[in-house]
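The same subunit A turns up in both complexes below, where it pairs with subunit B and then with subunit C.
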Partner chain A sequence: MGGAQARLSNRFMWFCMAPVIVFLIVVSLAPTIVAIVDSLRELSLTVFTKRGAFIGLENYRELLSEDAKFFTAISKTVMFVAVVVPFEFIFGLAIALYINHEFAGRRLLITLIMLPTMIAPVVVGMMWRYLLMPSFGLLTYYLQQMGFLAETTIFSDEFTAFAALMIIDIWEWTPFMMLIMLAGLTAMPQEPIEAAHLDGANAWQVLWHVQLSFLRPLIVFAVMFRAIEASKVFDTIYILTGGGPGNATETIAVFAFRTTFIKWDLGYGAAICLVLAFFSLVVAALFFKVTSRAQER
Partner chain B sequence: MSGVRLESLCKSFGDITAVDNVNLTVADGEFVVLVGPSGCGKTTTLRMLAGLEDCTSGRIFIGERDVTDTHPKDRNIAMVFQSYALYPHKTVAQNLGFALRIAKRPRDEIDRRIQEVAEILDIQDLLDRKPAKLSGGQRQRVAVGRAIIRNPEIFLFDEPLSNLDAKLRTTTRSELIKLHKRLNATMVYVTHDQVEAMTMGDRIVVMEGGLVQQIGTPLEIYDDPDNRFVAGFIGSPAINFLDAQIAVGRSACEARFAGASLKLPKSHPAASRADVVLGVRPEHLLIAPGSGIGVSFQATVETVEHLGAETLVELALDGKALTVRSGRLENLASGQPVEIGVHLENILVFDPGDGQRLRPPNGAEM
Partner chain C sequence: MKRRHNPYLWSIPLALLLVVILVPYVWIVLASLKERADLLTVPPRWLFDVSFENYRQILSEKSFDTYLLNSLIIGCSSTALCVTVGTLAAYAFSRFKVPAGNHIFFYILATRLGPPVAYALPMYLVFFKLGLLNLQVGVILAHATFNLVLVVWMMKSFFDDVPREIEEAAYLDGCSPFQVFRMISLPLTYPGLVTVAIFVLIFSWNELLFALILSAGEMRTLTVMIPSLVLHTGTLWGQVAAASVLQSLPVLVFTFFIQKHLVRGLTFGAVKG
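This part shows the complex of A and B:
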């Protein structure tokens, strides 16, 4: 009786999980397997010989040993992540600390602050595109009035184009950091903070010695999440610069897109994506290892 | 060390008055306990003293210094929290030394003070551990250590024993009393446990509804409560209350209850009332008292609880329960009728309306 019931319960469990498992296989596992297979084949639509032929690790060899554009894209991505994530974290934490108390209109303010994160990235891109248009962009006009961008437009200069993309990403994702930090601050017990005040600590010392220690697991999560997300940034760059001028704003995701859907080299594009996924996994694993060790200490 | 003075201290949260016109002077080196049920305003008073809550009105003095608007860090106060409030990411030594580190004391002085405090509290072996690896009692010691390492002017305790088990609570209670004697420090201690209040305080402040109900030494509060609330809150088992009707004669008046009669002088404030409430401590109800007792009446034994050295007897009297605390009694049975007696001086009279104690004009009860 007991065994029959256990079997029934087991079957019911699989029945409940089946839709999710099928969904994951269709949208995640199957494409990954297809990508792995594709990355081992010659799948350039501009090549007429050997198309579809199995070429082993040739795509990977070429990517990792010969392709200077790949390493440029990697360095651009690293730079992008290294700049935007710390700023998003610092601004997000600062706003969270500032609004971490009850006041009239707090909920409305949080909702307004969250707007940039809630808007679809493509819409964000379009919005900034209009704001920064060379001829009639509102922001361009004001920047020119202030004496900036007199001789050039924002997206025609390598430095300003990349800086603008970073600022837009910071504008878009700081609210996300703010929300995570605010959740942490709200859930934090107040007594250790009060104890620190009584121990003579000022606001900075309380932040450094008490609040940041409590927030550490959340900071790890938020920074890691944002670092992985920022390394995949695509939509806004595609809308605003398309990776240009030249390849000045060509991050790894844009590079993969251009390779796959501009040059139509599907096998090489798959290899780029898989290398990117592998690096993301390694970084995430390292991050977890380091932080869990820090937690244990 | 310094004393503390609270003058007309009030705290409101919106429409709710949490602390209502509290006046209290704590002498230098005194151990004062604020006691009362949950929501009585004791913790809010303590937090205002610490600077963790703003006062709605009133002034707070530490020594002669008005600290009403002073930030907590500048009040030179140490506080032990109910949850201990240890810094979970720091070791015991770092927890202890935190305040000194913030004050930028020299490294060797910090180390020396940590060792001294660890010795006082017998936690030398725990210095490298994180709070998560400590038992409740050990955390409590670290929290106390974090307070005493600074030599503050005032120590505040917010129900520091409530998370400990009964046995550890008793031990820690006596350790805190010894610590107070050793440091001769001014301490303000908040608890809802009247046993803690009675055993620890030089003086007790009983609070209810944001108001101070009575201030006095433990025995003053126990023997001579100002109102029905204080009489009922202090004492375990709780005091017995009996409803009585007043009958006024030519030269005296009587409080009648359960067929018994208590004679009161005509000048007693009870004489101007139709009803009063009589209060008798369980140990003052005597079973089979013999002759010469002030008041006696019949009651029925409901339950008998043998505690070894003493016996608690619950009696039924006109549908109400009375508790008697007596020396060891072995021959009582449930349902047995017994004669109960009370000495007149052990009967407290209260107004049934506002609960205030009705004392005879000359100060003597009867």
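This part shows the complex of A and C:
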């Protein structure tokens, strides 16, 4: 390519990049700057005295040193992620291994299995709310028939409410894990497995030493991806408990939402959001490293 | 794996799995066809007289069509915007050495990985100050931002698959970079582009938080409308069920058609399935 050609290419590259750069400035950079400014003010739409005076880092100080609810929300979120992701991974892997061969109707079966992941989380929440309704819900009824549930309603007890949300999340996202694991298993060369079988390895040994070690980069990616997504869980909680009873199921996203859009404390909310955004930048950097390494394979 | 097994024995656990997966959905489909008296019964009723009353009610009384239209407008606009902006960027990332390209890409990824609420509030503050909250612009921009990384990552991988030799031949024939993009690379990745667009559309269609925060009143989407049927006086379960079924059916149909690309789409293109 000559000099003129290179100049043309360069100009075309900027033609391609200009829209995305303008777009990011308008929708992301500018709002972030506005939020940074607002996070330094006391600004509330409900409390009359908080009318936008600048208070420096007061919002941050209060959030990071005094707000017990913030740290409760973080620990709830960590607990949620630590329970659901391993279950989703193990169930997903088990199902993937089970259906990892050709059979009639495989495509339809996979589509049906994917239903929980694909439909809107709002619909998932509503479905389960209907299933778990006190006395009239289908699941409540059969559970009571089998003697599992006493007269308590699931979502009024702190423990059962949180457990139910976890089970629903596992129901919703196990198919996603299955799909990724299935993709990895399908891409895997068959020779090492056959060789291991010929060497007298049993099914467990093949799974552990051959299949899982081949899948390892993908497993790291999938677990990390799901952990990030699970830490943001909002829709189903919003529908099913709204964070309650009390703040028993208030994960970090629900906490930020309640503070900002229920109590309308915008300045404080902005501080929360920026702290969360900062955390997620760190997580994103880690994730970026892992995935770019996985893509180089 | 060629394992010898009895296909009947093998399919029993699968059938159980399908029961666990499908019964909740089937139950809500049945609920949408029940009359009020059949909805809340002890024991739950599996057999009943089918009625389309709930569907009639959400259409005539709850202006379901308005929300449906809002969801469609927001979905299609944000998809068009996001796919246009994202595809151009993806081509640049695939073919040229973009200065600070890694940083820009990382920034795009970060907007998707963080909790939506952290990005919704800054946008809310801006739209609040500009007085644009009762328009759909906010939700459209938010959904386009949210899905940008998917478009960029997926389209980049599709462009990477286009052999360079084809493009170089076109350059030798005197095509400009724009012509090469417009007449060769873009048409070759067209099937991929359609898949990406369907994903963006589904994600926008299913999204709740941005739609909840950045729109108001008449401008609300289906995902915001469904929870609004939970009233203080009790939930209109028949109508919730009917709205849920209408909201989710198109998604299921599309899922079947893009099944081959589900892995790529659901991981924003990070895993090539």
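Methods note: the second predicted complex is superposed on the first by the 262 of 297 C-alpha atoms of A that agree within 3 Å, B and C clash if a C-alpha of one lies under 4 Å from a C-alpha of the other, contacts with A are read in each partner's own complex, and residues count from 1 in each chain.
In the analysis below, contacts are C-beta pairs under 8 Å (C-beta built on N, C-alpha and C of every residue); 3 or more make two chains touch, one makes a residue touch a chain.
Please read all numbers here as calculations on a predicted model, not as lab measurements.
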**Request:** Answer with clash or fit: subunit B and subunit C placed together on subunit A by superposition.
**Result:** fit
**Request:** Please work out whether A:S135 is in contact with subunit B alone, subunit C alone, both, or neither, and reply first, second, both or neither.
**Result:** second
**Fill in**
Geometry row: CA centre of subunit A as apex, subunit B and subunit C as ends, angle in degrees (steps of 10) is 80
**Asked** By residue count, is subunit A touched more by subunit B or by subunit C?
**Response** C
**Request:** Using the touch definition from the top, say if A:P192 reaches subunit B (first), subunit C (second), both or neither.
**Result:** first
**Item:** Which superposed partner A:V210 touches (first subunit B, second subunit C, both, neither)
**Value:** first
**Request:** Scan A:A201 for contacts with subunit B and subunit C and give back first, second, both or neither.
**Result:** first
**Message:** Looking at subunit B versus subunit C in the superposed three-chain picture, what is their shortest Cα distance in Å?
**Reply:** 7
**Fill in**
subunit A residues contacting subunit B in one complex and subunit C in the other none
**Prompt:** Hey, which residues of subunit A end up touching subunit C in the complex?
**Reply:** 1, 5, 8-13, 15-17, 19-21, 23-24, 26-28, 30-32, 34-35, 38, 95, 98-101, 103, 107-123, 125-131, 133, 135-138, 141, 171, 175-176, 179-180, 183, 190, 193, 218, 221-222, 225, 228, 231-232, 234-235, 238-239, 252-253, 256-257, 260-261, 266, 269-270, 272-274, 276-277, 279-281, 283-285, 287-288, 291, 294-295
**Prompt:** Any idea which subunit A residues touch subunit B in the complex?
**Reply:** 189, 191-192, 194-202, 205, 209-210, 213-214, 216
**Message:** Touching residues of subunit B toward subunit A in the complex: what are they?
**Reply:** 50-52, 71-73, 75, 77-79, 81-90, 98-99, 102-103, 146, 150
**Complete:** Within their complex, subunit C touches subunit A through residues 1-3, 7, 13-14, 17-18, 20-25, 27-28, 31, 40-44, 84-86, 88-89, 91-92, 95-96, 98, 104, 106-111, 113-119, 121-123, 125-126, 129, 141-142, 144-145, 148, 152, 171, 176-178, 181, 202, 205-206, 208-209, 213, 223, 226-227, 235, 237, 240-241, 244, 247-248, 251-252, 255-256, 259, 262-263, 266-267, 270-271, 273
